[in-house]
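Please read the structure below before turning to the comments.
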Amino acid sequence: MTYNLPDHLLALKQQIGEFVAQEIIPGELELLEMPFNEAAKVLAQKRAIAKSKGLFAPHLPKTHGGLGLSLFEFAFISEILATTPFGHYVLNCQAPDIGNMELMMRYASEDIKNTFLKPLMAGEIRSCFSMTEPSFAGSNPIRMGTTAIIEGDEIVINGHKWFTTAADGASFAIVMAITAPEASAYQRASMILVPATTPGFNLKRNISIMGEAGEGYHSHAEIIYENCKVPLANLIGELGSGFKLAQERLGPGRIHHCMRWIGICERAFDMMCHRAATRALSEDKRLGHQQTIQNWIAESRVEIDASRMMVLAAAEKIDRFGAKEAKNEISGIKFYVAGVLMRVLDRALQTHGALGMTDDLLLSFWYRHERGARIYDGPDEVHKSALARSILKGYGLEVKPG
Amino acid sequence: MTYNLPDHLLALKQQIGEFVAQEIIPGELELLEMPFNEAAKVLAQKRAIAKSKGLFAPHLPKTHGGLGLSLFEFAFISEILATTPFGHYVLNCQAPDIGNMELMMRYASEDIKNTFLKPLMAGEIRSCFSMTEPSFAGSNPIRMGTTAIIEGDEIVINGHKWFTTAADGASFAIVMAITAPEASAYQRASMILVPATTPGFNLKRNISIMGEAGEGYHSHAEIIYENCKVPLANLIGELGSGFKLAQERLGPGRIHHCMRWIGICERAFDMMCHRAATRALSEDKRLGHQQTIQNWIAESRVEIDASRMMVLAAAEKIDRFGAKEAKNEISGIKFYVAGVLMRVLDRALQTHGALGMTDDLLLSFWYRHERGARIYDGPDEVHKSALARSILKGYGLEVKPG
Amino acid sequence: MTYNLPDHLLALKQQIGEFVAQEIIPGELELLEMPFNEAAKVLAQKRAIAKSKGLFAPHLPKTHGGLGLSLFEFAFISEILATTPFGHYVLNCQAPDIGNMELMMRYASEDIKNTFLKPLMAGEIRSCFSMTEPSFAGSNPIRMGTTAIIEGDEIVINGHKWFTTAADGASFAIVMAITAPEASAYQRASMILVPATTPGFNLKRNISIMGEAGEGYHSHAEIIYENCKVPLANLIGELGSGFKLAQERLGPGRIHHCMRWIGICERAFDMMCHRAATRALSEDKRLGHQQTIQNWIAESRVEIDASRMMVLAAAEKIDRFGAKEAKNEISGIKFYVAGVLMRVLDRALQTHGALGMTDDLLLSFWYRHERGARIYDGPDEVHKSALARSILKGYGLEVKPG
Amino acid sequence: MTYNLPDHLLALKQQIGEFVAQEIIPGELELLEMPFNEAAKVLAQKRAIAKSKGLFAPHLPKTHGGLGLSLFEFAFISEILATTPFGHYVLNCQAPDIGNMELMMRYASEDIKNTFLKPLMAGEIRSCFSMTEPSFAGSNPIRMGTTAIIEGDEIVINGHKWFTTAADGASFAIVMAITAPEASAYQRASMILVPATTPGFNLKRNISIMGEAGEGYHSHAEIIYENCKVPLANLIGELGSGFKLAQERLGPGRIHHCMRWIGICERAFDMMCHRAATRALSEDKRLGHQQTIQNWIAESRVEIDASRMMVLAAAEKIDRFGAKEAKNEISGIKFYVAGVLMRVLDRALQTHGALGMTDDLLLSFWYRHERGARIYDGPDEVHKSALARSILKGYGLEVKPG
């Protein structure tokens, strides 16, 4: 599709592409190998360079120091950033911070904005989002065991969360908790900002995932909230609006993942083609002469192109009508693009043979950690079912979720 | 994607949709059951109605009595027409005639245009395209056994063709034959118009395909050309330009198929959803409550959407830069959309259970005859390989075709 | 697996193989093209030859004129017969007659046996089995609209059946009908033998399936039972035992299908390999040099072998412990082997290109009609669910069917 | 299939099952987390227990302190051992040592046997096998850069190997090297035993694979052989017999993998079913009530059963006729069972949601490291092609490898 992109975006794409190629890709494997807190020092330098070049925080409004891109425009940038593991981080548009920024811009009080959002936008602190619980199927923001009880002008949180991405080293968490157990399903929960220094915010462990517990930004924590008290003013949005806010946060969150996956796919595709063109099977035969490899290349090319078109279409719809109107498109790309990602990574890995299993390349990192793409923010099965339910409604059939 | 279609196209879509719903769909199963030559009488009436409503020949320039649509615009119309088996026929934009019209508009002599193209465009006669041969792998317009030898101002054709779609009852064939066996591969063949009344044009049989030999427009002939003489003036284009013309014809031909497949997919999808919403498994359970059916609906929805976006993108590219520039996109959609078509038809059929096997619905017709989608105009394997070769060239690897 | 087959079985395999190769395969395509009632005359001669060679009715006990094979032994023979469309018919072990014979041997009265079973076993008459109804999801012998009301010593049947295979020309039907609507689910129905000449046995039409209504043995009828009276003595088994008998009939029925599918797979595989080895792509390149074709051959070989091993294992279990004990194995092979059949036929067809679409080969016949394999006698989805329910029971979870 | 196993094997299966359940499974996750050299101490105790119970080295002849099982018999034991990561190690039948033992029993000199094989069989030392090279596509034991030149009664090895599994801490390597570069392809290479203490045996690194470099038995080394001299007497088999020996080693090696994969599949299947039966989606709904999960359970069950039957059939054939005769069966199970393993692990992981990504379960370990199953000892593509070539030969077509 010819998208007739405006000149400023074309120029930005070029700049970001060069920045990524010069500043991030060359050291990406070394950075991945380091403990994150060590890598963070190098990354801080890269952020400074990005700022100096006017590339920082492309997703933020210009009034907040960003580049003021629409979601549609950001998709083109996000894809480029995703071709290397630290691309988004360097430009401070990484999950979960990007989602927290969007949420806080809209719903946080001025005090909270000044104290927490401003340094977050500047890349001076990090944050996390604490929703998923081990005892409840994660795809449902209604069923939840964590409670938040109002006591005077304080709110007291108790509960058990996990997969709180990047909690280790974060300055604060936005916690989802039940504030009104008797209310109707969609008005039970609220979101509350909890500084990580609050007594009772107990980071139990960084969960070891696919062989790595990680640390800092590269980690996923299990957290016990134990009589964790914060001022009532730390509520994000109104009391009882947690579900609504979660939906608002998750819609764009899902498309952000999809944008990222397309960038990963392109990088893996490039590696696969390069390998196919150069790996010798014999004097005059390269891997790319094998028809099976050709099949993988052709299928991957088309599936990635299809993914991009659908993600851009969904982004444009969100820009114009909001995430709620685009919920079918979001469900669709969430499982479709995740599936393409799995297949492209798998083919690229297989094309590299034993080398593909090693950490001498990026593929094994993505193969491991991006397996979660089919799970987090709603597993494939939930999104397929949601999309089908919405379609079947148009045919007169009501299907209850899950 | 929001395509910002011009008003005239939106209006036309609506008109064509209504026309198809009112005039064609209601009798479609009966028409399919009739021998074609009987159905043709009913279809002639429908064509008259289409003409009277100004809907006839949407693909032709206005100067030739058509609606003057670009390929991109035509895609939206073609999809609607394809939701019923005779849609394209009624508007006289059916293959293989549409391809012959395009070819003859560009390359036929004025005489030929007056004698053959004019009545073809008016829907007064039909035509066919005679390329494929039983002894040669069909995807290659270079290897071919049919010869055409110039004798004075005549040309004498000998050869054995098959899968000449709609030859039965056609007024003429455009025949691909070797005119210069010693020339370089791409300059050996020429295209020649052969009236069906020419002695030596021997229609041996309508090949029985998937249980039906059919007749008239709904048939695929085996033809023996035996000392079949036509005037040298019947050449379409220059001597030796057969391969080039075939490429020009096949590119758009392939995207025409893809457009059609999307329409079939939408109809099958609609049937599947309707069945899911209404078929009772028990008092209070419908087929659509089953998660497997939901998976099929969701996957189909996304795959059809992806197909449409890619077909429209390819159509736009052809409109702007020509079919040659879009050859990768054409190869990509040819196998991708064919695959989607197979899966969507298969799921729709399975959703209908035993009923899906019967001819009480359209599904079994498409299930049988559209299996060819993965074969005709180049099998999947050839298009995948072509796309991969083109990509690998960019990585410095030359791969010889097939 | 080395099965250490007894000598008599090895000899029989060889004899049947030769008989099929000499007597049936050479004319198979012609027979398929003929209307069945014409083909029946040729087939009657073949049956006579089979009888004279002592090959008739391999599935029947020796005391009933058969060869006395166990189910395990029959599997080897059935596979050979299935390599050609009329193999089973010629040896009188075709569905649905084979199932009716098994059922009647066990449960019919002596009178019924003398009048109906004897000539059926001798191949003098044909029969059918009337269970499926258009208004009810077909996989469930509990929900059903056909009623059979006892009036004195008669029983009066009213109902609407379809997909009654081979009803056209059959001498009798075994009809499944509700005799006790108030009874518990599994005791509502009974089986009743209805001679086709009975008033009220109205064969409405042979349903057109995949383009062919067929006739005689090659047809599937829609039947209206309208005050159709037969003697009470025509009950097969006891009143209310219909569900139990259906289960007994369906278990072996399903494995009979699987045995057949393996034979079809082997024939299609042979055609695919032959084509791959002989079809020229260029002077010195055959289709079989293409890696994609090699993939198909290798995958098909392994999947067919896996299918055979599992079918034999299930047959042995049925022989030893009865069909009920082997219900998980039967569910497993029903969907697995049906899936293998689809894939092998699809690959074989694609390997033949356009020729695969024609009726010049057997493939298109199987492609069309064996699509039903994933539907009849319980669709894939039902068998997968049944198997999973049975497994999950062992983990303490009860799941209700459907 | 009823395999009519002899009583001694049934008893052994039971004993091994209990041993694994009591001694290995309870601590398996802790052992996996430890550095291997620490785990080795615990494992040594387990080995002592296994010896005391007469379960050690089931694959070895009784004369060598083993249980004297045939390959067919060993398959049943190997499957049980494979349900936990250290099962084979504890019984000293782990790759690559098991392959080296088999090879050395047949081809090593008495001296070598006394010095190296004896302690290897007793579990006192470990070994490795050094074949794969980074510069050559690994599936081909003909193309290779490592050379071994005879100098007097010594042999001098130079070359670059990688993926030498378990080299770290091994007492010796069996190295494949070119000894006769001018000889015909299959007589160029030889196998040579190189003690790890030999100067010039330079273990460059343990390659980081899927996030873990590991150590000791759990590692895969890159090794530079630099003027590495060993006595000529260290040749295993004759000079130039390397290729032949590699084939002998790889055939059984591949089936050993397949046996192992079946055990992994069974464990993952058990975890999936357990999760499905217990994970709550709501008050009265468990994950196992979802039809998608049921599909996965049913499909996995059948595919695992098919895998086992084919592996047992191949094992029996090897026992009776040797690995060479069973090469088609071995190629078939190599890619088929590897594919089943991928699918079963993927479904089990997805069934566990986010938990499946963590190292709180075994699934993520297998998901990462068993991805290699489709690569090592010949990637899928090579085995499919090999099987197809062998089949096509029977149809008269010669296809050259790769």
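Annotations for the structure displayed:
Should a chain be cited, it is by its letter among A, B, C and D, assigned in written order, with residues numbered from 1 in that chain.
The definition used in the following text is that contacts are C-beta pairs under 8 Å (C-beta built on N, C-alpha and C of every residue); 3 or more make two chains touch, one makes a residue touch a chain.
Protein identities per chain, from UniProt: A, B, C, D = Acyl-CoA dehydrogenase family protein.
The shown structure was predicted, so the numbers you read here are calculated from the model rather than taken from an experiment.
Simply put, of A-C and B-C, more C-beta pairs touch at B-C. Interface subunit A/subunit B: over half of the residue numbers present appear on both copies, so the contact uses mostly the same residues.
Work out the mean CA point of subunit B and of subunit C, and you get 38 Å between them.
Per-chain Cα centroids separate subunit A from subunit C by 53 Å. Here the CA centre of subunit A is 43 Å from the CA centre of subunit B.
Looking at subunit C, one finds that residues 290-292, 295, 381 touch two or more other chains. Of all residues in subunit D, only 290-292, 295 touch subunit B in the complex they form. Subunit D makes touch with subunit C in their complex at residues 1-2, 273-274, 276-278, 286, 288-289, 291, 293-295, 297-299, 301-303, 305-307, 309-310, 312-313, 316-317, 320, 328, 331-333, 335-336, 381, 383-385, 387-389, 391-392, 394-397, 399.
Listing the residues of subunit B that touch subunit C in their complex gives 33, 132, 134, 137-138, 143, 162-163, 207-212, 279-282, 285, 287, 290, 292, 349-350, 353-360, 364-365, 367-368, 371-372, 374-376, 379-381, 402.
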